[in-house]
């Protein structure tokens, strides 16, 4: 009976067409708009339909661990290495990087715009106790932000109400920052593509500490026999190819390139 | 306020241009929610009616539980269904995760208690009216359920439409079990969530207005087909 | 078809509402159940019809129970209409019996005419007047050609004309062989229709007699007081 129901249910659902691959990628990757350019190129070159699940880094890794996706594309080196070490991922392959920037109200009460380094900027915000919005969702962006607070010798436990962890994706967090007129650290791509800037402005950027490395991790077929390992491998090769390099480096918003391709073949 | 006008303008633009993506997600929204509604009704209508006429020891508890289930947070339902359908879960082999089927399953779980509860309430009233008569006629349980469902069909239709409203507007659960994958599991509500997250409020609102309009159309169609107002003499 | 109550007791919320009672009803014609309010007349009727459970004792019919159930019909004091048309209400009991469409149609037409509602066959029954509803309920009961018909104060709240029409239909039914067991408050109606009377008071049968004997020379105190128009407590 259960079998019959399963068959009926699957018939009702959408039938897969051609080769498909499920890829979990972070919200910042999607919000940049790069995925809208890459996916059609992948379909054209490889005949591969990439089903993109846009989730936070934490959830992407969870999906990879469960074997619900065939590969993940995230930007949190520590979590990625743990993922591979635990045997969930085959390896990690660096693809590209973009940078994080610090955004805040145009009035800039903490004086972030005149900071010398990223650590300096964070310290100014902590001292001024100006409103700061944090992703708070265990994502790559969030982990980067936390590492910067640590580098600035700040103790999160001592932060009071000026520090707001919203527990949401990049776009939603930017919305909150816009609504509350607060500081926020975001990836450049999401910021450029964001439609609700309000009175927020880009105040600080350029410090190498703010560089954000994206890596591709195919899910291990040893752990999960059913994953589409061949397609994952094909996609990986494509992502490190000159063709991908051309698309990624060429992707611009408002004349500005967002990502820098740095994969080694 | 200007955002709302922009939203209305965007809604018209999308409809007028017969935007492909819009048609895709609209049809999928209807498919998922109407299928879920159909399945939920086949479960909830007879169950709610049966519960109204059957006397058993834990009846009050069952009714309280049913009403409580109405308050199930949809996101929680989504999470549980995800864990069941995940490859690491008991039903992973069926490969249903991130398909419209998974979304239908989640929605069925969410709206069945709602429909059953309204059905139960309506049928209880009708049963107290018909009780003596149907017993005197020496009807079987099956005959009683049939008579109640038929004569109470207008209220049951309201119950069904309430369920539909809940389903078509649902976003949390189907986001988790569907994954909001473009061309595959993206529907109106998840698209709205996505565009809101991107800060594109105009588009999100536009989709929202289309969703409302869609719901209106469905409701009007069903009311017209069943000629509710004309035969409102009952 | 006869029915027999043996040491029947009906208790509600710890109080004895009816009994202990032993009774046999087998005669054709009109059996009137009379008595003051709260005497237990309705309870007695419901026990006989099998829709009220007895706390002790037994109710038995002279025929197998399935035949007994199909051979009975009941008209309530307040008519219960199905939320359907007049036609659908009349047809319902016949559909339950599984009769074929032509047979049903024929009987429905005949009875609608008999109660004067031929023009209203497609009218929603709940919107009929009180008298019309009760006539419809009666027709719906008799359409199955029951052996025994129970009526619980069917003419309470009805105007004189409806009462006359209903009594006429009842007389016809009795002539066709139906056994009628009926409660009423209307002494005039009791005198008009009864072949025999059962007088119930405080859950017990105080007197049981042929109609003429009862009305001319009631023997029990309660019955005499009742017939006199006094309040019976």
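To keep things simple, chains are lettered A, B and C as they appear, and every chain counts its residues starting from 1.
Methods note: a residue touches a chain if its C-beta (ideal position, glycine included) is under 8 Å from a C-beta of that chain, and two chains touch if they have at least 3 such contacts.
Keep in mind that this is a model prediction, so the values were computed, not measured.
*Asks:* Taking each chain's centre as the mean of its C-alpha atoms, give the chain farthest from subunit A.
*Replies:* In terms of C-alpha centroids, the chain at the greatest distance from subunit A is C.
*Asks:* Whose Cα centre is nearest the centre of all Cα atoms in view?
*Replies:* B
*Asks:* List the centre-to-centre spacing of subunit A and subunit B in whole Å, with centres computed as mean CA coordinates.
*Replies:* Chain centroid spacing, subunit A to subunit B, equals 34 Å.
*Asks:* Centroid from C-alpha atoms only, then distance subunit A to subunit C, rounded to Å. What do you get?
*Replies:* Inter-chain centre distance comes to 80 Å.
*Asks:* Where the centres are mean C-alpha positions, what is the separation of subunit B from subunit C, in Å?
*Replies:* Roughly 47 Å separates the two chain centres.
*Asks:* For a test of understanding, state which residues of subunit C touch subunit B in their complex under the given definition.
*Replies:* Those residues of subunit C that touch subunit B are 49, 51, 69-70, 73-74, 76, 80, 82-84, 92-93, 96, 124, 126-127.
*Asks:* Can you tell me which positions in subunit B touch subunit A when the two form their complex?
*Replies:* For subunit B paired with subunit A, touching residues are 35, 86-89, 92, 94-102, 104-105, 179-182, 184-185, 194, 196-202.
*Asks:* Quick one: in the complex, what on subunit A touches subunit B?
*Replies:* 6, 9-10, 12-14, 22, 27, 31, 39, 51-55, 65-68, 168-172, 174-175, 178, 193-197, 224, 226
*Asks:* Once bound in the complex, which stretches of subunit B touch subunit C?
*Replies:* Result: residues 126, 129-130, 132-133, 135-139, 143, 147, 151, 233-234 of subunit B touch subunit C.
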